[in-house]
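What follows is a pair of complexes built around chain A, which joins chain B in one and chain C in the other.
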Partner chain A sequence: MRAPTAILLVVLAGCAPEVEPISENVSSRDLRIDVIASDEGSGATAKIELDSVFGLLRLTGGDTLRVTMADAALPLREAETDRGTVYVAEFEALTEDLLVDLQRPNDRDPRQIALVPPPFTLTAAGISGAEPLVIGWDADPGEHELSLGLTGKCILPIARSLAQDVGFYSIAQAELLHTDPGAAARCPLTLTLTRTGTTQSDLNEGLGGWFYARTVQSRTVEVSWSP
Partner chain B sequence: MMRKGMLALLFALAAGCSDPVPEPPATTASRPPRTLTLSVELRSNGGLAQVFAALREGFEALALGGGDALFFAPVGGEEQVLTKFDDRYIGQTMTGATDFEVTLARGADRFTGAVALPPPFALSGPAGPVSRAQPITVTWDNVGDTYDTSLEIGGECLTYPIWRVFETDPGTFAVQPADLAVEPGLVSCELTVEVTRQSEQTGFTPDFAPESVADTAQIRTVFIATEP
Partner chain C sequence: MALVALWAAPAEAQLAVAADPSTEELERAKEERALVEWIRLGLAGFYFRGTKLVGYGSRKPYHGIAGGLDLTVARFPIQSTPWFGFEIDFRFGGVTLDNDDGPDICLEGAALVAPARWRGAWPGSFTLGLGGGVSRARPVWLPTAVQAYPLALARLRLWPSRVVSLHAQWRFTPVTTDLVDDLLVQNHEVEVAVGWKALLVAARCRIDEVTGGDPVRTYRGVGCGPFVGVALYL
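Moving on to the complex of A and B:
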């Protein structure tokens, strides 16, 4: 058998060398940029992935990634995960939309905005007597999803999507279903309110590629429950 | 001879290829009532009572047979025969009564299950139109925690309804503005608030199998016109 034929057979058998997951090997049109950003009230993080058919890409060949919030660049560090390279920023608070800018000397420069729901302060008065749980936060009728979670050792968890972001809500004590007849009548509760923003768009103005961002503002408070 | 043999073979093949004759449905005929599980679903809105009854042996729903008939009546009231609907027998009557009987009549013999509704109650809400920007409170008679109480808020103007189940009967509920998923673009929105008080009774009749069960409910509904 001639050598080229043998090589072809080996390649066809699936023994072709793997393509290194580096950005210079991938066109902007074949790229997906994923942004996951969250703020739980005590510091924020943003994680950016450059995804492709070869897996998560490491920036090479002069490609640079820049993420700015309120015109200030967020310092990014490279991190390795079991899926590949990701870019992470840790900063004080997630307060504005994020501008994600991939600058490439040899290809189109994708530039997208990840919409961020506004931050808020969550308050909840403790439950006593027959009073309901009264909850308050800074209202915002923006384009985000709003959800509420209430947990406690003595109750079945409550998870609700709220259709309107009006800044107030109450839960009657009768809605707190105990886990079993033997559960304590009252227990400390943990209340979490979450705003989730989602941005999805074509990465290169109709020429291919995809941009996806999920941005989360969540706040948690502990709620006392007394007779 | 060969032609007759061939014809006989053809007829035999034709008979074997025809659709199988379905078995007749199982019926109550001649089955002792103590082997029959009576399942009753009874609900009332305070003026109309509806019943759905089924007789089963094991998991198999039975049709009435052998001259058996099912009747339904408020205690001391006029009896009516139940009508077959799918695998159940249904009926309704205009009454505010809370105590009923479901009876299997077999010849001169009668086998009865006594079924009681939870206590009736009145449900009230604000006269509309009310603003959806503030909580909307509905109230009803609280009779303690013997029964399971639940509430549903619906309406054609809502993208999805809201359900709440209560551990104790609160006698009142405040519909939260944040819960109302009003269809975009709508201004007026009529809410339907339905409160259900329900009870499950097992072993409620010595005439039928001990697994017999009655699910009963009092249901009240109010309509509340709302605006932004």
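Moving on to the complex of A and C:
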């Protein structure tokens, strides 16, 4: 490349027209919709991102986003992050699958369902004597991943994936490794059980675009540990 | 006077006069050809900006610069049919668009018809043309490297004086071979020029319209720039 052309390119690159990340400039076939929804037992949130080659998009040009659960629309608000605009809904509980519907007057209307693992109640009896830690919850053999976590100041944290969602699990005291010789022999523990559902599909029936959803049901209980 | 002389002369002389055009007629024919013919050579520059198709149907702004040599030859060579002629236009230069650059080449030809030529205070002519061309894709962001197309043109020329000339031209491309990619590409180019003797200075503007994508949109680009060169009126 000769010097005059290189100079021209530098000048043009320095004052290149700005690309506005708005939805009316992006085809539905060039769009990726990401949904992250979670429920930790005391309220649920769903965050929706409209991603493109121009970054996260803000809805313009008459485009509207609608998220419904059990035929009820969730109230969405626009929020700004360092990556761009996201749409957030805060509601009481994540109980059913989410229907995500992008309505566009001048383009295809993508509509997809984010599968949600069922909610559950987590119970755990305290640990005493030489008894194991017994954990119970509402079983569901669905298409989701199940993981368990146990933490405490006196033990090394435990993190496990459970292959079957059968509703109970136990951890023997021999598996609770102390952090160091100076740590207390016993301490209160925090137990967390998480169901994670993932949905991935073409956004426009094989014509392009992508839909990704990650939905999480998580419950935490405190476990006492006494002699 | 010439008609009276023709009637009074003997038959042989009449035949001889009818066969050889007079110097005055030759001069007039030459002046009338100069109203429509020329060879024009110069340098042109162009700054353009607009929106382009990205992905399946998304829209992104762009801008760029083009420039180079421009040679045009317009001739009406057949004296028995002075209304009809031809034009050849060759452009060679370079173009930069965002992060891309490369050569910009164009070769066009057209059959011309000059339905109006007039003399008087402001001599002039009006020329129409139909033809075609091959060039680097215009706008340059199109996926194909080369495009072919038909074109139509109209040109108006006026001479307010013997040394000053005014020119206006419109050039239109209704469709290109980009149609095979489901893209309808149309270009309009308008030029206004002022000449002083052989020197010619012009301003050109071009509008590119590309319709296609999913959803179907029209992507427009507008460019303007100067032309400076010389024009020889044959």
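Throughout what follows, the second predicted complex is superposed on the first by the 212 of 227 C-alpha atoms of A that agree within 3 Å, B and C clash if a C-alpha of one lies under 4 Å from a C-alpha of the other, contacts with A are read in each partner's own complex, and residues count from 1 in each chain.
Basically, a contact is a pair of C-beta atoms (placed from the backbone, for glycine too) under 8 Å apart; a residue touches a chain by one contact, two chains touch by 3 or more.
None of these values were measured; they are calculated from a predicted model.
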Just chain B (first), just chain C (second), both, or neither: which does A:L176 touch?
first
Please tell me which partner, chain B or chain C, touches more residues of chain A.
C
Taking the superposition as given, does A:V19 touch the first partner, chain B, the second, chain C, both, or neither?
second
Considering only touches as defined above, state whether A:A185 meets chain B (first), chain C (second), both or neither.
neither
Scan A:L162 for contacts with chain B and chain C and give back first, second, both or neither.
first
Just checking: does A:A70 make contact with chain B only, chain C only, both, or neither of them? Give me first, second, both or neither.
neither
Touching chain B in the complex: which residues of chain A?
132, 146, 160, 162-166, 168-170, 172-178
Chain C residues touching chain A - in the complex, by the definition given at the top
49, 54-65, 94, 96, 98-99, 101, 213-215
In their complex, what parts of chain B are in touch with chain A?
133, 135, 159, 164-170, 173-174, 176-182
Chain C-touching residues of chain A, taken from the complex the two chains share
1, 5, 8-9, 12-13, 16-19, 25-30, 52-54, 106-108, 207-208
